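For reference, the structure I am asking about is given below.
Chain naming follows the written order as A, B, C and D, and within any one chain the residues start at number 1.
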Amino acid sequence: MCRWMAWHGQPVLLEELLFRARHGLVDQSLHSRLGAETTNGDGFGVGWYGTGEGPGIYRSIAPAWGDANLRHLAGHIESPLFLAHVRASSGTAVQESNCHPFSHGRWLFVHNGLINEFAAVRRELMLALGADSFAAIEGSADSEVIFHLALSFGLEDDPIAAIELAIGFVEDTLSRAGIAPAVQASIGVSDGTSLWAVRYSSEGRSRTLFRSEDVDAVRRLYPENPRVQRLKEGDHIVVSEPIADLPGAWHEIPESSAIGIAATGAWEMRPFEPRAPAAGA
Amino acid sequence: MCRWMAWHGQPVLLEELLFRARHGLVDQSLHSRLGAETTNGDGFGVGWYGTGEGPGIYRSIAPAWGDANLRHLAGHIESPLFLAHVRASSGTAVQESNCHPFSHGRWLFVHNGLINEFAAVRRELMLALGADSFAAIEGSADSEVIFHLALSFGLEDDPIAAIELAIGFVEDTLSRAGIAPAVQASIGVSDGTSLWAVRYSSEGRSRTLFRSEDVDAVRRLYPENPRVQRLKEGDHIVVSEPIADLPGAWHEIPESSAIGIAATGAWEMRPFEPRAPAAGA
Amino acid sequence: MCRWMAWHGQPVLLEELLFRARHGLVDQSLHSRLGAETTNGDGFGVGWYGTGEGPGIYRSIAPAWGDANLRHLAGHIESPLFLAHVRASSGTAVQESNCHPFSHGRWLFVHNGLINEFAAVRRELMLALGADSFAAIEGSADSEVIFHLALSFGLEDDPIAAIELAIGFVEDTLSRAGIAPAVQASIGVSDGTSLWAVRYSSEGRSRTLFRSEDVDAVRRLYPENPRVQRLKEGDHIVVSEPIADLPGAWHEIPESSAIGIAATGAWEMRPFEPRAPAAGA
Amino acid sequence: MCRWMAWHGQPVLLEELLFRARHGLVDQSLHSRLGAETTNGDGFGVGWYGTGEGPGIYRSIAPAWGDANLRHLAGHIESPLFLAHVRASSGTAVQESNCHPFSHGRWLFVHNGLINEFAAVRRELMLALGADSFAAIEGSADSEVIFHLALSFGLEDDPIAAIELAIGFVEDTLSRAGIAPAVQASIGVSDGTSLWAVRYSSEGRSRTLFRSEDVDAVRRLYPENPRVQRLKEGDHIVVSEPIADLPGAWHEIPESSAIGIAATGAWEMRPFEPRAPAAGA
């Protein structure tokens, strides 16, 4: 059901986190421990900020663990802010346009989860999109629709509020269709400066989501680990599943919560409370 | 802008027409002579009827000319009725779900052409689809939308009339959006028994479309060509571009015409006249 | 470390065994129970005999479980004799030319296993091939080299004896290079009429291999299973891992054994005893 | 028969040359003017130096013109030294391991051309490789063998001399096999600091190769072209086919010549004279 990670901090080579960390995301593509599926082999993607305009993106339908290009790119691209995702399809086609991250202008979006009986409400959900947003949809995944709903509801102004509206709208649409309003939504989103993450599920049994603990504390816990010692104040990792066996280094983000990490590295957490947009919105 | 071909007749190995005929469809993928584009390398597909339930389909985003699997499959699949298509994208993503033929139950559909400024009207066009048809759309190509519109307008009852309504609806939608109502539509469609083909463009400057001449006449023209001598009464080939240099063997289908070839091999031609569906349809 | 299966019997749609059987090969690509690896997602292939000259082959680097084409082809290709393989790379590239089955003329070959420290002896092993066989090698996998060695040692005359020579030559070459002479070789091979299978490892701890029990006995065990009741006398399945939970239906092929199944369905088993070819051979 | 380009100069985004230049390499993949083939759609690759250890590489079997990842990467990777290649297969498989550039440590290698009747001498040529070099070969292309021969003959010490030995060895091997000793070799090679290029063919009818003229002269020729005005002294482009319609900007490299461009931007040209390595080498 997908795994993802995000980095916000000092510039690092992507490989540092994707390949070199024990139980890193690429390893999780083959052997997830906490996911709904142990194998996340239905494509992957990484989006990063750095050189060039807006985010760079590399997506592929190959499994991440065997992709020679990913290994090469990860060793030669450096970034202070990136999101990566490995996919386990919940039924939609294995094609690049269904791979995360999705993008719009400077924005990147990854999602682990699903919309209950998506096929039954896909039309209804997409009708809420304007012509441009509608035309921008390239694939058939529920995640892409959630992203575009959030864009329509103001993602670029207030990301968490917009995602609350998007999820609320989805739950409301499911209810109106007589379907159990079940949404699973572990979401990461960035504009290239800040990073936001959401952990939510309609039923209160959400996919896991973790953030790295205070860096200073982690360094004291592992004084002899050179990789940990290179971490700096203000470095943050957000992951659907811990990427290294470092007891005490990870803090589980609670159910129905959202966090935001600012350019400075300062972060805050708030409740995540979906609500349907006002009629006519 | 795509090339396609269809066979309706005695069972043949696919390779007979895809690879062995001079200037066959796979050769056209690399060197089209009559197409809007000389290279049709943005994926391909073939759908056939024979063993098994409904049509078999093989689609790939690789260029047809270099695909080892296509060569193998064409040499080992025999069919009395198949459609094949090589794609030159008019801008939408190169992904299998944008490759032809599209299918629904027993039906196959190929298209060479485009909808003018499709992105601007995609939402409006897809709103005309019911929830099931909407949910069945996997890709982002205009062709897939035309197919599902035709299904909504009764393709399974009267294919040509339904395509007339679909094209009429597209032209009407473009007009209402203040866009020149230009559609290019060389279309092939089959239910596994009969084959229909359409040649149309709003501006009356349609992509080419040909049908093979009366088999008996062709055999007399080429008494020493063993492949031609194997042709039987009732065998029909429909192509967007002639697949062998056989003067006299091809008959151009006129502008704004449709043909239907029945299970018996009997065929007929009629005018193709798009019209917008009645309001509320 | 790969999983494979072979069918020899009445003509069946490939999907009957690849998809519809409980824990069939495609399911094993995602969740192997007995393999060295649980995931076999580094490509797959199927080779079959039937319509057309020699075997048809479809190979892909996508995981078998998500490949839309495989599902379609399996539902529309019928064959009395086919081999299918799902791959877990032991380090060599994920590319179609490393996917099984390998073919030469009418022959197909699948392999589950490996040559210890293959890179160190690859040159030495390939020197034993003639110029034609050498030139025919398209990929970089040890399995392809074993196949071509067996061809060089007479596979087309006496398959099991030739594989004994090939494996013996590999073990001998490893020894001469000062490497532990460890080979794992669960092999399936066919000429389109007969089917042969080998279970062997230098260390006597071979990958599993099973053949379906006497069909009549299986039918009596499962009188209410319609799929089992369709089995006929002389139908044989050989698998690296049982493809349905049918106690009593599978017979493990012993260590260091080879079986041969003739066109008639008659089968026999013999010891498999690798031996180095005579010098100068 | 392939097209390639190399850049050596100030750091630039790859897209500046691959996409934005008129008739850039990606455009040449679809519409080559000077190549033996107009379409170079059998895969592509780009290798660059910059961030990270050694060269970064991205290779794909998709046509360059439609690859969404290439477009993204080219817009987000900056490099002072890169080589790019679009492939038209001369018969060997379309697989990533046959795509250029080939690499070894810090070295990158691209080739446009072929070895006459390669299959007949492949074994003989590869026997000249040591076990490590032999084991490193992943694909089946003649170009990869030429690269590894050059490595064996001292590429890392004196690239041009080593390529002269490699080509000489190939010509000699062809002669000994009774085959016309015809080699086509437009080659680019780099260690991340310098860039070398070769134009040669046994028959003296070589594929074209051009270097950009003295930058100062080009700037004076096109005072109003902003892209040209950004060029600096010491910037060099080497291309198999001019990538912009700038009369006077390109200088054809003569038959049987090699050029070397040093880290400083200084360049020199010398004759390219293949010779067979001494016996026993």
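Here, contacts are C-beta pairs under 8 Å (C-beta built on N, C-alpha and C of every residue); 3 or more make two chains touch, one makes a residue touch a chain.
Worth saying up front: this structure is predicted, and the values here are computed from it rather than measured.
Engineer: Kindly list which chains stay connected to each other once chain B is removed from the assembly in thought.
Structural biologist: one piece
Engineer: Find out how few touching-chain steps suffice to connect chain B with chain C.
Structural biologist: Minimal hop count between chain B and chain C: 1.
Engineer: Just how far, in Å, is the C-alpha centre of chain D from the one of chain A?
Structural biologist: 39
Engineer: Which parts of chain C, given as residue numbers and ranges, touch two or more other chains?
Structural biologist: 68, 93, 96, in rising order.
Engineer: Give the list of chain A residues in touch with chain B in this complex.
Structural biologist: Per the stated touch rule, the residues are 92-93, 95-97, 118-124, 126-127, 129-131, 134-135, 137-140.
Engineer: If we count contacts the way the header does, which residues on chain A are in touch with chain D in the complex?
Structural biologist: The contact residues of chain A facing chain D are 13, 48, 50-53, 55-60, 68-69, 72-73, 75-78, 96.
Engineer: Which residues, counting only chain D, touch chain B once they are in their complex?
Structural biologist: Going by the criterion above, the answer is residues 30, 38-39, 41-42, 61-63, 65-68, 89, 93-94.
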